[in-house]
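Chains here go by letter, A, B, C, D, E and F, matching the order in which they are written, and residues are numbered from 1 within each.
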Amino acid sequence: MLRPSLRKPDQMRPVSMETAVNKWAEGSCLIKFGGTQVLCTATVEFSQPTWKRMQKKTGGWVSAEYCMLPRANSTRRNHEAMQKDNRAVEISRLIGRSLRSVIDLEALGKHTITIDCDVIQGDGGTRCASVTGGFVALAMATRWLMDNGHITENPIIANIAAVSVGLWQNELILDLDFAEDCEAELDANFVMSEDGRFVEIQATGESHPFTSEQMSEMMQMASVACKKLIDLQNQVLE
Amino acid sequence: MLRPSLRKPDQMRPVSMETAVNKWAEGSCLIKFGGTQVLCTATVEFSQPTWKRMQKKTGGWVSAEYCMLPRANSTRRNHEAMQKDNRAVEISRLIGRSLRSVIDLEALGKHTITIDCDVIQGDGGTRCASVTGGFVALAMATRWLMDNGHITENPIIANIAAVSVGLWQNELILDLDFAEDCEAELDANFVMSEDGRFVEIQATGESHPFTSEQMSEMMQMASVACKKLIDLQNQVLE
Amino acid sequence: MLRPSLRKPDQMRPVSMETAVNKWAEGSCLIKFGGTQVLCTATVEFSQPTWKRMQKKTGGWVSAEYCMLPRANSTRRNHEAMQKDNRAVEISRLIGRSLRSVIDLEALGKHTITIDCDVIQGDGGTRCASVTGGFVALAMATRWLMDNGHITENPIIANIAAVSVGLWQNELILDLDFAEDCEAELDANFVMSEDGRFVEIQATGESHPFTSEQMSEMMQMASVACKKLIDLQNQVLE
Amino acid sequence: MLRPSLRKPDQMRPVSMETAVNKWAEGSCLIKFGGTQVLCTATVEFSQPTWKRMQKKTGGWVSAEYCMLPRANSTRRNHEAMQKDNRAVEISRLIGRSLRSVIDLEALGKHTITIDCDVIQGDGGTRCASVTGGFVALAMATRWLMDNGHITENPIIANIAAVSVGLWQNELILDLDFAEDCEAELDANFVMSEDGRFVEIQATGESHPFTSEQMSEMMQMASVACKKLIDLQNQVLE
Amino acid sequence: MLRPSLRKPDQMRPVSMETAVNKWAEGSCLIKFGGTQVLCTATVEFSQPTWKRMQKKTGGWVSAEYCMLPRANSTRRNHEAMQKDNRAVEISRLIGRSLRSVIDLEALGKHTITIDCDVIQGDGGTRCASVTGGFVALAMATRWLMDNGHITENPIIANIAAVSVGLWQNELILDLDFAEDCEAELDANFVMSEDGRFVEIQATGESHPFTSEQMSEMMQMASVACKKLIDLQNQVLE
Amino acid sequence: MLRPSLRKPDQMRPVSMETAVNKWAEGSCLIKFGGTQVLCTATVEFSQPTWKRMQKKTGGWVSAEYCMLPRANSTRRNHEAMQKDNRAVEISRLIGRSLRSVIDLEALGKHTITIDCDVIQGDGGTRCASVTGGFVALAMATRWLMDNGHITENPIIANIAAVSVGLWQNELILDLDFAEDCEAELDANFVMSEDGRFVEIQATGESHPFTSEQMSEMMQMASVACKKLIDLQNQVLE
């Protein structure tokens, strides 16, 4: 049976990553997963975040801010709604945790890197595109820190990438677009490190619980896709 | 090797659930996982939430609000911090999604049930205790709706319960308390339905990615524990 | 004529105070005035509040935060409403002023004590229960400071307690519950020190002005009740 | 012994009330207690407040908003501070309650009157001046409603006025100015109806508890002063 | 053709400026343009604003806060609306920029002057009255700084004043009142320095674009009026 | 003398406008003035804004929201700062007023069009680019309304465009980039309709007042540039 996008179950949408798209940011990447477009910028600050300085901790910090532009979706969201956007809060935290899992905060020194993921156009999978493109911006920013002599060692431990898997009509499908996401019974997001291990899994079967076996299959499907995304990251970062 | 709490790897803390602890609420449960104490209350409103009425949808709604009392933790959190508590937002959404997965919103009719999970004392696993105790409060509220003739059919499809599994010194351990959580390399939360399937999994290996095999083991360990919690729910609900 | 609760005019509800109910707080007390239950916790910080440090003043500070849990009442109050709760602001200020009236801020040293009064269940008289239970938590926290060698002198000058008096069907009644409060023509709250003098009186005759003589009678009735509450405080603090 | 202002213990500052000082408001009064200047305006709306309409209640409503201009005091308060001004919240509620105690909300019909008390210059006793001047603005607005045929019956039941009494060097003094207020051991505010009964008493002995006898004396002193203020109200309202 | 106010096209309303109207402020002026009344107060702080100190800049700062009292207009605006009042933000910025254009921030030393412009009664032209009266308050505050030996040099470079010009029935008219403003096709505000040059022009032809020639005529008309306002400023400042 | 960008005084930067860049919006335009990039989207709602419906007015409404992405500038602005961005408020109002000046709100029917101007990258002149690109998005949205039969008449009265003129080293220069803007003595923005008349002028000589003659020259320079922008608008709209 054909899925709504007419893709094969394990077929991703066309993916592109364009780097150095912002003249001000220390790292930037415009990533597209089909119709989903996210502008990821990395900002370096030469200090620790306040809470870390207060607690007299060593090392740096990485965090993320995810935001949808007002008309990134089929209906407009006004600025007031954007200010208390619980979903955005949850996704920002996911991106930040994921990126911190592959960075050596001690090697980063007393620097703070903020990754802004601004969704220019949303069409499903924005959090996965944000993690994947956010990593590229982060890697550029750490390279910038090294190139400019602010740190001596590469704090990046490994690449990470993320992809979604869903259950549609009892079949697992990869990288759901918006239309598919609306019809899916299950929505799971996988963040994987380049060694094939997972740093974050979020699986939600709001209308359709899932079994241990299905989880294993999803992890397998996500694993193949993330490897491809990591290859593409390495190409654009060269 | 002994885990910090001296419990066996797959041993939960003592669990208790006390119902009808609030004279005003349509359902209530004070749940304890060891030192963690969460007061769960269910509030019934005789209308749909605004957004659902606006969109002229049928059926009711269930949502949750998770909140820690100011001194639920080792350090006090002031009311201002509580007002933009991103972690609480994320957990509230998790509890709400989980509870909605086992309720037939059509059978609920045009009613809104809000589950407040107020953490009286926190000691690890507060979100899992909230889901488990929140279900009890929800079940009491739906029974109250039936007993008072507001709905005719039980909208509860199945019990759910939740438990955490962590990785500590390369060993999987169940139901982490606060001290263990601070030392753990991996923190995963499992929400399971009574048929043994999962409705939500959140696994975060911030400092320690995990493999597909480890995930399978964790699901197995969580599954046994959730079954016990569901048995206890059924006892107190009788 | 019998008052709604069937109590005698000058009869309080059963009162209980349970201490050390929170494993994290430096002082804590769960106080019950009949169906009213307030969890009072005291938090010690080893610094002055910002405003006092700025003005280079000596001594410490005591303040209070009063908050009702969402379902402490017959109708649920959502978290947004709790954030701009004018009544709670007024009560927090009353509790803080009252507690400061019996503490020697110089003897407290450069410490800040915050008393959180979280109403688990409300049934009338929550502000009076908060003052009375808040004093117990405060006294425990100052003892903790002395026991741990942070201060050398007991900064507590005297006990305080509080009780409400109302006018119902032209008769003065003590310690109104919620049902009585709704029907009362006058609502007055008295905070008394152990020497029998008053530190705060708030009397509001929104629908029924009162005379100087009635005020004298109310002060007399409150005085007897506060003495009993102070006796109970001393028992639980021993 | 002479009090700081050189006035006699029971001597008020010069009081003036100027009406019709705002071309837009349905009632207005610029009241001065010595250096304290408060602009009170009454705004009539031809509807009930939302909460009253929702609950399908009859009658109107009166409420008050107290606000200090940024430089009403010796130090400037910025607009941000004005937005979460707990003291202003407490005073607004006091003024509103007091005014409602002398108005027949049924006779007011489905109208809402809002009394804005904007402190142009503060020099002690602003809340008492606000109640006293606010009453004048309210009385003008109800007269305006009658003159324009919106209501047929005067909803004003009685005049009210307010004055402060303090304890300074163990002597009771009337109508404290700012300098006296800073030195006083006790600050009490009395709102009295024209029949000599009280509608609100707030007495705070933060640094100096007071006895039942002192309260009686203060009530007596306040009573004489409020009678004079009510006489003045009647003069300007004629 | 007569304009609504029956004034001649280039005729201003009666203008008055009263100084030293606030006992606390370092400078103050109550300015009236006909029915428009604005209380302007200047507050001196003995420090730079935070942002300037952070950037280690030299010199002082001047800023303004414009605010309408709740009943300054025909309809009441509640305090919530006042808190996110976009129009007030825009006007505050205009006043601040204008006043900074005639002050030598280096000569001001490390002082911050805040000009509060509180509209007691609005009747058109409030922003122009605020600039004009705000200058008087500012000049008094700088004189106060010199008189008290905090600075040695007068930082005021020149007087400024402001006036509005509108287009009504195709004729240019000066200093519009509220009724005229509602009917005007064009609303322009001119801030002029005493040397006849402009420091700010804001012209808005929302319903009626204007030509370069009309702009020249408006500048001419404004120029004459501003000169008169500056003469009046000098009289009251002597 | 060469200006910092090496352009001639009256030379604009390369301008491009790309339409239909957002799959969800009813009109969209990515406009570039050199390094300045603004994404303008138009959102149609099939209702009047609340305030217009309340006042029972006829016709539709057009408003604008201007927002800079966090890293649109050389330093990052966090989301909190974006929420109370006074400069953005002022610019949003300017764009909205300007666009309303060329639209027949009656012909628009009961529709609300919101123009979001999101600055992807800022390099001077963002408000002028926003007005110019916002007009394109607006024109597309009104065409969409006509093409889909929601309105019958084109509500667009005329094209508008905007450009900045500055004074640098006593010479007038057109279309300042960020580096030039920092050095300029005068910053003026001109919004012009296609008939050569102006709908909005904002001129600010914070450090350098300007004469009537300079204003005339600036209007001339802006006029030529706006005509070119309008030509380009017409090309991309065909």
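Keep in mind that, in the parts below, a residue touches a chain if its C-beta (ideal position, glycine included) is under 8 Å from a C-beta of that chain, and two chains touch if they have at least 3 such contacts.
A quick note: this is a predicted structure, and the numbers were derived from the prediction, not measured.
Common neighbours of chain A and chain E (chains touching each): F.
The minimum number of touch steps separating chain B from chain D is 2. Minimum number of contact steps separating chain C from chain E: 2.
Copies chain C and chain F of the same sequence differ by a rotation of 180 degrees once their CA atoms are superposed, given in steps of 5. Over half of the residue-numbered contact pairs of C-D are shared by just one pair in A-F, D-E or A-B, which is A-B.
Distance from the chain B centre to the chain E centre is 58 Å, each centre being the mean of its Cα atoms. Each chain gets a centre from the mean of its Cα atoms; for chain B and chain C, those two points are 33 Å apart. For the pair chain D and chain F, the distance between mean C-alpha positions equals 50 Å.
Across the assembly, chain E contributes no residue that touches 2 or more other chains. Under the stated contact rule, the graph of chain-to-chain touches is a ring, a single cycle where every chain has exactly two partners.
Put simply, chain F touches chain A in their complex at residues 22-25, 28, 35, 39, 41, 43, 45, 65, 67, 69-74, 76, 78-79, 83, 114, 116, 118, 120-121, 123.
The touching residues of chain D, counted against chain C in their complex, run 86-87, 89-90, 92-93, 97, 100-101, 193, 195-207, 209-212, 215-216, 219-220, 223.
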